[in-house]
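Look at the two complexes coming up: chain A is in both, with chain B in one and chain C in the other.
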Partner chain A sequence: MQAERGQHHRSVEVLASKLRRRQIVGSRTAALETLVVLRQVVSRARFSNFEQLVEIIRGVGRRLVEAQPKEHSVGNTVRKVLHHIREEYQTAVGQTGPQAGTSTSGFSISKFVLQGQPRRHVPAQKTEVKTTLKEDDPEDPDSFSKGLKPVLMEAIQDVLDELETVYDNVSKNARDHIHPDEIILTLGRSKTVETFLKTAAHNRHYTVIVAETGPSYDGREMAKSLSSAGISTFLVPDSSIFSLMSRVNKVILGAHVILANGGMFAITGSLIAATAAKAHSTPVVVCAGQFKLTPLWNLYHEYGAVDFGNPSDVLGFNEGELVNKVDVVNPYYDYVAPEFIDAYITNDGDHPPSSIYRLLKETYDDEDNEL
Partner chain B sequence: MPDKQETTLPTQQPGAAAPKPAGQPSQKSMTKAERRELQEKQRAAKAAAKAEAPKGGAGGSAAKTKGAQAPAKKAGEAGPAKQSVLTSKELGHAIPEEGAGKRGPRIFTHFGLPKPIGHTVKGDIHPAVVRLGLSFSEFKICGANARCIATLTAFKNVIQDYTTPPNSTLSRHLMTHLSPQITHLVAARPMSVSMGNAIRQLKLEISNSDIDLVEQEAKDVLCKKIDDYIQDRIIMADEVIQESAGRKIKEGDVILTYARSSVVEKVLLRARSEGKKFSVIVVDSRPLLEGKALLRSLTSGPDPIPCTYALLPALPSLLTEVTTVFIGAHSIYSNGAVFSRAGTALVSMMAKQRNVPVVVCCETCKFSEGILVDGFGKNELAPAHTVQPHGSTPTPTSEPGLEVLNPLYDLTPPNFITAVVTEVGLIPPSSISSIPLALGKTIL
Partner chain C sequence: MASKNAASGKEKLIDEEQEILQAVVLADSWNRRFRPLTTKKPRCLLPICNAPLLDWTFESLALAGVQEVFVICRSYSEQIKDAIKKSKWSRTGSGMKIVPIMTAKETYSAGDAMRDIYTRGLVTGDFILVQGDLVSNIQIDEVVRVHKERRKTNKDAILTMVVKEAGVQHRTRSRGDSPIFVVDSETSECLHYEPSFAFPKKQHANIPREVLAEHKEVEIRYDLIDCGIDVCSFEVPSLFQDNFDYLDMRRDFVHGVLTSDLLMKNIHVFVAKDGYAARVQDTRSYESISKDILSRWTFPLVPDDNYPGSERYQHTGGNQYVAKTHPATISRTAKIGRNTLIGSSTRIHDNAEIIGSVVGPNCTIGAGSVIENAYIFEGTTVGAECRVTRSIVGSGVEIRDGSTVERGSLIGDGVVIGPGAKLKPFERLSVPWKAPASTAGSDEDDDEDSDIEDIEASQDTVDKASLGPESNAVVWIDKPPEDDDLDSPENYNNLKYMRLGEDDVTLDVHHSDKDTESVVSEEQQLQDSSDEEDNYDDHTDAESVVSLSKDTQGGLMADKEFRSEVNQSLERAFAEGHSVDNAAVELKTLRMASNVPLIRVKEAVVAAIVEKIPVLEGAAEQRMEVNKTIARWGQLINRIGGVDPVETISLLQRHISTSARMSLFGQILAAFYQTDVVEEDDIRAWHSLSTSQGIDLPLGEERENMGKAWIVGAHMIHQLDQQSDSEEEGSDEDEESD
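Let's look at the complex of A and B:
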């Protein structure tokens, strides 16, 4: 098995170093890259039973997450792939288990509760599984992997397809969220939000106020892009968020990571915008793909994600001697607590923050929370 | 009282386009409101029966009556679009025309664009006032106190150079001489509340000046009064504020402040010179990035204060360690709302949410008798040349479909404020309204 891992080590290492150097930024790009690597790994992997396969994938996941622990979408992608291949594996080996049959067909409160912990039934299923596809076959150790690989590839392809259509799927109900002549406030430049707003502009006439969001000032790009799509756009400094909030109908934010409690990490400035919105009772809506769902709690740091950017973006060296005397702080992300968020618009429906934990249970398997 | 209202008028209309004679703007806005109402009616009529559009825009008040009779046949084609073009032309001054099919919201129109600087001087304007007007519009003199002092000093020159025309008395005529000067200053930049208060006081002094005095003597008396006002209401007031606010800074404190307030700067420097060890977090934001100047003055002395600098979005991450927030004010309204540099409201809101006390340093000469509940209605835009560049991307400029707005102020609601430090003591924002009364309203 060591030999096999050696083979795919290369692509994993390349991605790991790219992640570490922040050559890959943005959660969707990172997720896509991870998937591509995982596909290679799985296609070349040699395993004679399911546990080995899971261990291989987890090993890759651990390596990548270690390289860049702040890019949570990497770990999420690995978790999602694991979840999918488990499902595929179960169907492939013949899903005859009585529990599996009933729990998907009938709807009752007790089933509903049980579905929250789907993994609990796996050991029971496994015992009656091995008839169709033989694991640990001493005569032909590759037979299992040969039989399973096509469905594994399919599983990974499913995840890939979901990622590639994520923006379109988030935006498909945009017109239900943005109404004629509304004034929307957004900040920074989130691809998801950008697509969402542009899609809404197809059938709605509305106005967007974009906050510049220092020190990256991504909002400027966002504003240009939106106005070129024919949306009437206003670009304002971050400082005027509060005074304009009284005229804003809705705040639409992007997310970096959606946490298990329904809160999120998002670009700095999101928290002040969300708090200002709360002070004015303005709804705050977050657009994000479900690949950003992360089985994490913000335990270690109440504010921000403990991830800091380049201080020279805030106070450049052209300020001369000031630079020597002053501490400069430039955090990347804010932690926005669930009570500031009214809804998540995802590629798979709209959800209140209070139901994020259920989505997590459905998307990932409990045993993968720690890779 | 009537006198008061007259002088507050210019302060309350800075959003409006130009400093026109008192009657005109209100009448204009009346018609504007009327027309808007009319347009809304038209729209409602249009919505009710999509048909009756085509003649809608043709004639002002006749529109709604005629619109009802209009036949439904023409509506199908270009009816509604045509009408909206017509009406927008008709109401040209209320709607910014942003190109063919686009229609921006009209909620920002009252901000008005910063006017080109008044190099052309109309009427008999004193050179000192002309110079001051330029400094105002260039933001060379910026800040409520600085502008107030500069205005009063310029007016001292004006008064000294003034000669009462024959058949007139100084107490009656001087004000008519000063009015165009004031108008000129307001044209350069909307008047601050501190200036309004000072000018009102000056008017009072002029009308009270003794008719029997020799002209030069009367002028000297007035100049003395102006000096006293500057000394008592601003310089001494600052001293007292420094002392009482300084008492709120303790050893080892972390003080957070936003942008740059001259009073807060003095409070911090004074506390440091008294030997207190504390650190300061300066939070800053575009458009003006004034915090850098504060940073420079706090760190430049022989005994520099340890400082941390961050932009406004980073504020929540920093608040955990902050003990007190000190902010300055442009003015305070009688409901306790603080009108100050844009971003102050965000800072105090976050601080309040995290249970960090917010202390506002403000002299009583900045108190306004009005009430403001929203920082949106009355605001001022930073002219393009004063906006500070920051970040790797170039400072954006307005283009068709994309408008860049740089509001200068915002309003902090009173519930975000813990205490206001004034020269008459530390008071809660709810007691702001009682201060002018307590001061006997003689000077306010």
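Let's look at the complex of A and C:
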């Protein structure tokens, strides 16, 4: 028992330190790694009732989020797994719950806020009470976990599958969003956006303008990749975003985090592009997988949330004399408020920023918002 | 588990990929730049940005995926051991195994530590050697990969030094110890290493001629920060073992390996493009590295991210960091400036101002006090209306109301000053030393004890009124030692350049020079330094400044001695008919012993050979004699190392211009040519050198003779041209030069 706990503890610690040291970066990679660790933890976990299991998973989640609070997809993945596990648990344990739940509550505006989740929410608590009574077997405490584990693994596998196909699913309606001979502006190198544009290119002929996106200059890579896929691509300096905006039909951005208020964090420069787009009434569309949805409302109040990076990207360390005299601020992300964004394209359909909160409610359980 | 490997696999080579990555941390600094802060604890446990230096070092290594770390501790080894045991690194899942190694008190240098590593057989393969004061986010594993790759083709590449590009004036670059690296641009092999201190100031860098001759492209760099990260092959400790006089890693080991003709080992340099690495090697770099951390150059090693300490910090605008878990209590009217770190549970009272400083946990800053660019350790109390500027204040210090701590002050743990104390700049204070006080006393070596006794004995002469009525402090007096070693960076004046808060350093040393005239009196002032911007007297270390043009003039005692030794040895060789090889070995040994540049040996050999030729009457006999002598001994010139025929001709010309055998120049040169000591191309190359005409020499016989010799050379080239034109096979090249 001790050793076992140490064992999965170890894989969690390894991931935590990797996250902390920024050896794992990127929302999707982090999410995948988290899932792998969760799968290990769950497969080895010993629990005699459902609360214990949830607590184990939450504990892992807490540890990982604490290690790197800025990689939100980690927490989101844990929440998602918890949500799936609850669902599977309910179906596995007894069908009585859901009916009981819906029958008592039903939808009404007054209860809406209280209940949070309009669909299949209420049953959760009710059935839990029932089943723990039923399943918490004092003679054989392992029987519960043995019975549930295959279902749990399946639930985690579902999340994993969803993550693995996320790019394709976001892109499946690409042709509906990009029309022939349009001019699209994009920033940075978001894998989601890249796949989206390439998929659209199968059916449509259009032009992409890629801003260089300093100080990482990811845009250069993006432009290379797009033009090698046969899309007519222009690479422009960041300074010309505004002047080109009048010719642009649509701005397509990637996201790092989508907040509950419909705003998002995205690579530095996104705010400039979005503001320029607003000035020209150009639509701004954000492509992102569902795992970027984060149940936080006011992250943008936190100064450090934009992830201030290394000044050396902006000012070379070898500029010896300047280093002492200049304070360099190099945020990695911009916060783009919901009013700048027209639509989110996710693997779960297209949504306006104003309905993101609803999507969140459906994706995660309320009690997991704080891990 | 890994230490068992150490026993088994000394000879194991380095090709396995899954071999664990080892690192050795030298947790002792072997100098006293931080005293009196380090009288009761080791430097590597001093906090920087509220986390012990050693933890930053471990984190830097963890970032590189190091799996096993040996920490070599000397002073206060128990404290270091405890700290490691308590740290997060000894928990499971840290991924790094840290083994403290207690070394003997007699370990007086990095070299001794390396010898200790060798005798204990700690390392099994290539390892990373760092100092216990490193802060870095460089991907050292990348350097290790490059190093191993290189080792596959070149077994002699034993060491890769990591350096970081920075400007000459960069705040993080040490003023006191700023070496010059000569690097081959293509292979990044380090060809020459020249230590350079702020005092005595170096006017010339002496780069061996072979370096320039043998490599196509050479970079001479003075803008690098030596990060103190070395990727060593397993034979490095054994080299230390063989060369028991190596003390310093750089000045002795690197310099020694590079100048040695016998070791034939290569050292490479890795210029880190990305990332940050620097050593907290003096109080000055303590400040600059603190600032680098706060302005996020070390990202992700910053207080709000991958912070090595246990506390979590919140990052707010202007790079302010405030502890998160046990937040500080900060008065509404207090002003917190940019680049500031405030530790947990610290209280900051009304109207206090904190700018560019680090305040440790559990401190109290009184109302209206101003803390500017100061570094305050744990649990210190600063009273009301105080002023602390550019200083380091130890833990548990009490600075009572109305005191002023001027720039550059170091206040040791537990000192009480004030109320109303007025410290002078660069004042150093500590509590009185109680000899039988604690176990820490046994950790001290006698040397240091006597040092502290000295300080205490001299207290009567110090006016302590400025420390305030309630003070318990003893003052560390700043006086130059009698036996100041100018070859070491620890010399009195050089240390001034490493102090925190030293802005106008040139001026300051200039003034103090007047008091310490005796230290520097024997050094001459150079005339050619008038273009130097600074007004600081340019002293040169006579031995290290050997510019090429002055070579032949010699004039130094050591040089003369060496010359006579060479002559004696050659005479013996001539008389006893040694083989050329034996004579060459003898000369090499001689050169090692007296540590002179190669050119000196060559010069002496050329001179001796020329002088050996007897002067005869008849032209034919004369030629015979010349050919005989050169045929017998000419090859010796190339055997002593560093084949450079052009230089040989130049030396011959120089020597002969002042010799009675001036008339033989043509014949000797021809004989050299015939015995393949020099080639045709070399003669041409020599001839086209501007110095060969001797124009830059003062008027006189020497210049005239140089000119003559040059003309002889011209003739010879002319003749060689004709020869090759007509395809003659004439072997008779000496001509009407007489």
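By our rule, the second predicted complex is superposed on the first by the 322 of 371 C-alpha atoms of A that agree within 3 Å, B and C clash if a C-alpha of one lies under 4 Å from a C-alpha of the other, contacts with A are read in each partner's own complex, and residues count from 1 in each chain.
One rule holds in what follows: a contact is a pair of C-beta atoms (placed from the backbone, for glycine too) under 8 Å apart; a residue touches a chain by one contact, two chains touch by 3 or more.
Owing to the predicted nature of the structure, the values given are computational and were not obtained by experimental measurement.
*Asks:* Please determine, from the superposition on chain A, whether chain B and chain C clash or fit.
*Replies:* Result for chain B and chain C: fit.
*Asks:* May I ask you to decide whether A:Ala260 touches chain B, chain C, both, or neither, giving the answer as first, second, both or neither?
*Replies:* neither
*Asks:* For A:Glu319, select first, second, both or neither according to whether it touches chain B, chain C, the two together, or no partner.
*Replies:* Touch partners of A:Glu319: chain B and chain C.
*Asks:* By the touch definition at the top of the document, which applies to A:Arg10: first (chain B), second (chain C), both, or neither?
*Replies:* In the superposed model, A:Arg10 contacts chain C only, not chain B.
*Asks:* Is A:Ser232 touching anything from chain B or chain C once the two structures are fitted on A? First, second, both or neither.
*Replies:* Once the two structures are laid over each other on A, A:Ser232 reaches chain B alone.
*Asks:* Who does A:Arg22 touch here: chain B (first), chain C (second), both, or neither?
*Replies:* A:Arg22 sits against chain C, while chain B stays out of touch.
*Asks:* Can you pull out the angle centred on chain A between the C-alpha centres of chain B and chain C, to the nearest 10°?
*Replies:* 70
*Asks:* Touch check for A:Met153: first (chain B), second (chain C), both, or neither?
*Replies:* A:Met153 contacts neither chain B nor chain C.
*Asks:* Tell me which partner A:Val328 touches in the superposition: chain B (first), chain C (second), both or neither.
*Replies:* A:Val328: touches chain B and chain C.
*Asks:* When both complexes are superposed, which of chain B and chain C contacts more residues belonging to chain A?
*Replies:* Looking at chain B versus chain C, the one contacting more residues of chain A is B.
*Asks:* Touching A:Asn310 in the superposition: chain B (first), chain C (second), both, neither?
*Replies:* The second partner, chain C, only.
*Asks:* Using only C-alpha atoms, work out how near chain B sits to chain C after the chain A superposition, in angstrom.
*Replies:* 9 Å.
*Asks:* Could you list which residues of chain A make contact with chain B in one structure and with chain C in the other?
*Replies:* 303-304, 319, 327-328, 330.
*Asks:* Taking the touch rule as given, give the residues of chain B at its contact with chain A in the complex, in rising order.
*Replies:* The contact residues of chain B facing chain A are 98, 102-105, 107-108, 285-287, 292, 295-296, 299, 304, 306-320, 341-343, 345-346, 349-350, 353, 374-376, 379, 390-393, 396, 399-407, 409-411.
*Asks:* Mind listing the chain C positions that touch chain A in their complex?
*Replies:* Those residues of chain C that touch chain A are 62-63, 92-95, 164-173, 223, 274, 276, 291, 295-300, 304-306, 314-319, 338-339.
*Asks:* Can you list the chain A residues touching chain C in their complex?
*Replies:* Residues 6, 9-10, 12-14, 17, 20-23, 70, 303-304, 308-312, 317-321, 323-324, 327-328, 330.
*Asks:* Of all residues in chain A, which touch chain B in the complex?
*Replies:* Residue positions touching the partner: 181, 183, 205, 207, 212-217, 220-221, 223-224, 226-228, 230-244, 246-247, 267-269, 271-272, 275-276, 279, 302-304, 313-315, 319, 322, 325-331, 334.
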